[in-house]
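Pasting the structures here.
Heads up, the next two complexes both have chain A, just with different partners, chain B and then chain C.
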Partner chain A sequence: MFKILKYSFYDLIRSRWTYSYGGFYLLFTLSLLWLSNDLSKVVISLMNVVLLLCPLIATMFGVMVYYNSREFTELLLAQPVRRTSIFLGQYLGVAGSLSASWVIGVGMPFALYGVFGSPQAANFLMLLFVGVVLSFVFSAIAFFIALKNENRIKGFGLAILAWLFFAVIYDGLLLLSLSMLTEYPLEKFSLIASVLNPIDLSRILILLKLDVSALMGFTGAVFRKFLGTGLGMVVAFAVLLLWVVGPVVGIKRVAERKDF
Partner chain B sequence: MFRWIFISTLMLAGQAVLSANTLRVCKSCPVSSIKAAIQQARPCDTVFVETGIYKEGNILIDKELTLIGRGQPVLDGEGKTEIVTIAANHVHFEGFVLRNVGTSYSEDRAGIRLKEVSDFYVKGNRVENAFFGIYLQKSKNGTIDGNEVVGEAKDEVSSGNAIHLWYCDNILIINNKTIGHRDGIYLEFVNFSTVQGNYSERNVRYGLHFMFSNDDVYRGNTFHDNGAGVAVMYSRRIGMFSNYFEKNWGPAAYGLLLKEIHDGQIEGNTFQENTVGIFAETSNRIVYSKNQFIQNGWALKISGGCQTNNLTQNNFIGNSFDLAVHSAGTDNKFDGNFWSDYAGYDLDKNGIGDVPHRPMKLFSFVVSKTPESLVLLRSLFVDILNFSEKVSPIFTPENVVDNAPLMKVVEPDR
Partner chain C sequence: MRSKDPTHLESLTMITIHHLHKSFGKNHVLNGVDLSFDQPGITAVLGPNGSGKTTIIKSILGMVLPDEGIIKVQNEDIKGRWLYRNQIAYLPQIARFPENLTVAELLRMVKDLNTAITHDADLIEYFGLQDFLDKRLGNLSGGTRQKVNLVLTFMYDCPIIILDEPTAGLDPISLIRLKELINQQRMKGKTILITTHVMGLVEELADEVVFLLEGHIHFRGSLRKLKEQTGEGNVEKAIAKLLVTGH
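Up next is the complex of A and B:
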């Protein structure tokens, strides 16, 4: 598995896409820092980017890599290698290279501006962490969808739909249900509903770190009470971990049974 | 023994006559109690009280006297009584530490009470662990200057106000520090008074509280981390200038709460990092100008029944929500402010944006209907929602619009 991971990782790390992806973050972060010079504001701007772009790119990349390396995969399948290790290796290669571009692209400019040692360090680390987790989650989902669908168009479509669902539709449905059920006490419901969506959960984790939470009044207090405590954090991280493990288990199961 | 007392009293009396009008009180002095000194003193005398702890229960000042504490003498109420009661005009009371006024549910005990007096001057005292700190009733023409009132209030019921005014006229409250009481400064039926340069922190209810008070001004005060910064209720013609409202955080925390206020003026204040900067309810004909709203949850919430308010030359910078207006069809004006999230342009370079700005976002409207939807703050869906509403407004009130948004931050006058 590690050999395949290594091949896949090196292959991707050398590809133009990874470079341009990392380069984009590098340029973007640099220009933001150059324009505003205020680390906390840049962290907020980047939050919007990480929540939108990391999942989107991870989804696209995951599907693309799977379909493009199909011949290589078939070649590998003819060898005495376990199936799970082939696919998991490929998946980890994709997720790893995406995370590496993200961490390097965003991390270098911040390190240059001296984020470590500033009070923003914790917020920044949370941002990096969230970006990595989202990359892992969404490339796993993408891999899973691609494995399930032989038809490339269908695979792409479904993957994009999955991204759209978590990024936009889910929030729309949540807002709709909240405004329809406004007569009822909804704090717990909104808490649970937003913890279940990895993008929402990441957003709230960053917002809480940036202390915008203190401005959220009554509802914010509920969140702070839950996610501000050790238990809440453990739950949040557990949910994020589940979002990685779930699709990976799916990949494994599909890969073992699939007929090539 | 008795003869000795008789002689010393005679001597003392002689001394009082000779030194005209000063008296000294200390532990080893001929006069060792403040009560005795007040009794012996004649109007217009000065009493100097030296360092020490005086446990004399309630001290009544019923003559025109100047009382000055030297080296911060402590008057200890031992949690049982009110400490100083001033019941004469022209009293000057300075430099004391008043400690331990017991909580009472049947009477309003205070560290210093001024009872139906005028022309007083209370300066540089420190009141610790008191129920009420400084209590003025039916008094006028006086100054409360540079006092420090520090308590450890836990809830509204069992605590009193640091500086409490009731039926007073023409009072100057200046440079005081009020910490950890129910209200920092409380004014009820107080007219033509000035509250200036005070500092309020960690008061359970409000930093400064007006009730039924007219024609007052408060200027250059700082309100930090109180239940709510300032509450102005049922009052007319209040001027609020150059105050700082910061970090008033919590479920029901406001920088400034206005309730039934008419003809007020709010100018040059700074509202920074409050849950709600200003919350206005049934408040009419108020001019908001040259205020800074920086990084508040809501900069300004205007609920129903607010009419003919004018908002101009303010800066709105980095607030989660700039404006929430609850009722449509009012004639409030929002022209000529700077909004940090204004996205228009200025082709003729006159400093005024060419496209009107709608400061009330759709999401702000949604949150006011369903507070829980705040969970979705800063999500992509909400951004899309706000954008589409901006392009063609349907839900947000039509007339909440800045027709002349400024392109640059308004520089403060200072």
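Up next is the complex of A and C:
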């Protein structure tokens, strides 16, 4: 598996998509740092972009790489290699190269700015971590969807739909249900619902870290009360981990039963 | 698994397929195929489009998982196994590789995955690929990719060789070289399966023909038997006749 991961990673790290993706983050972060001297504001601005962009690009990239490397996958399948290691290797290659673009693109300007000496270092690291996790989660979901669907258009469509669901529709439904049920105590419900969506959970983790949960009003206090505790943090990280492990197990299962 | 002793090899049945069924959705591609290859030599697997040639080949390689039936390679059931593939050299129908890798990197990578002894240097020279080694695979023409594909297939010394449409996109000189190469492998006593629609190739190379029709084996035998049975003088007409009588 590590051999396939290595080559998949090398292949992707040299593609112009990876460069433009990393380059975009680099320019964006540089301009934000240039415009504002408040590091925590830069982190929040970046967060708003990243929570949408990281999952979107990971989804698109995952589907694209899977479909583009189909014939090559067939070549690998004829080699004395275990099936699951081919797909897990490719997936880790995609997730790894996306994460590398993200960490380098955002990390370099911040490092040059001297973030690691400042009190914002922990917040910044949380932002980096969240970006990496979201890349892993959404490229796994995309890989799973692509493996399930031979038809590229359908695969692309479903993957975009999955992204749209987590990034937009989920919050919409949540808000709708909250506003319709205002008479009931919904703190627990909204807490659980937010934790279950990897994008929402990531947002909450950063906002709590930045200590701006007051911005989130009453629910913010509920989140603070739960996620501010040790147990809450463990739960939050466990859920994020599950969001990676779940689709990866799915990839493994589909790969073992699929005809090529 | 790997048998180094050549006398031991001969006692093995290279490939046994027993009662193989496979359908894709409602499309029954293979309906109980029984086939075995124990003699060294070249077998041409023929049949109209969609008759299940590639499905059989891919089942042998474990790329397609059968609904029913048993496949044995060198007397071992292949179900759930993967290491047996180092006994099979396979040339897939379409040669497409990661675009950003160079030819040399691709070769290095495949050698990294399968560490048996290779003859890639000779083959690169044989197909005149020296100047392309540092080129990205995405920039190669179809014929050159097919040559890379051939190098990848023939660089290992495997007792079983499976070629799916090997002539696709090759220029006449490369085609002659390919035929020479296949003949050399036959001389070494290997079991070779070829699917093709080029009947000239069958006539020139094949010892035996397997003709598939609607997921069954409709005919199996030597070229001479094929001609005698159909009463036709050349393979192309004989196959056409088989097709007509088969329906």
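In this section, the second predicted complex is superposed on the first by the 255 of 260 C-alpha atoms of A that agree within 3 Å, B and C clash if a C-alpha of one lies under 4 Å from a C-alpha of the other, contacts with A are read in each partner's own complex, and residues count from 1 in each chain.
Convention: contacts are C-beta pairs under 8 Å (C-beta built on N, C-alpha and C of every residue); 3 or more make two chains touch, one makes a residue touch a chain.
Small disclaimer: the values here were computed from a predicted structure and weren't measured.
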item	value
Which superposed partner A:R203 touches (first chain B, second chain C, both, neither)	first
Contacts of A:R83 with chain B and chain C, given as first, second, both or neither	second
First, second, both or neither for A:K252, with chain B first and chain C second	neither
Contacts of A:L186 with chain B and chain C, given as first, second, both or neither	first
Which of chain B and chain C A:N48 touches, first, second, both or neither	first
When both partners are placed on the shared chain, which of chain B and chain C touches more of chain A	B
Parts of chain A lying in touch with chain C, wherever the complex brings them together	3-4, 7-8, 10-12, 14-15, 68-72, 74-83, 257-260
Residue ranges of chain C in contact with chain A within the complex	24, 58, 61-65, 82-86, 88, 90, 92, 94-101, 105, 109-110, 112-114, 152
Chain B-touching residues of chain A, taken from the complex the two chains share	47-48, 51-52, 167-169, 171-172, 174-175, 178-179, 182, 186-187, 189-191, 193-194, 199-200, 203-204, 207, 212, 214-221, 223
Sites on chain B touched by chain A in the complex	249-253, 273-276, 295-297, 320, 366, 369-384
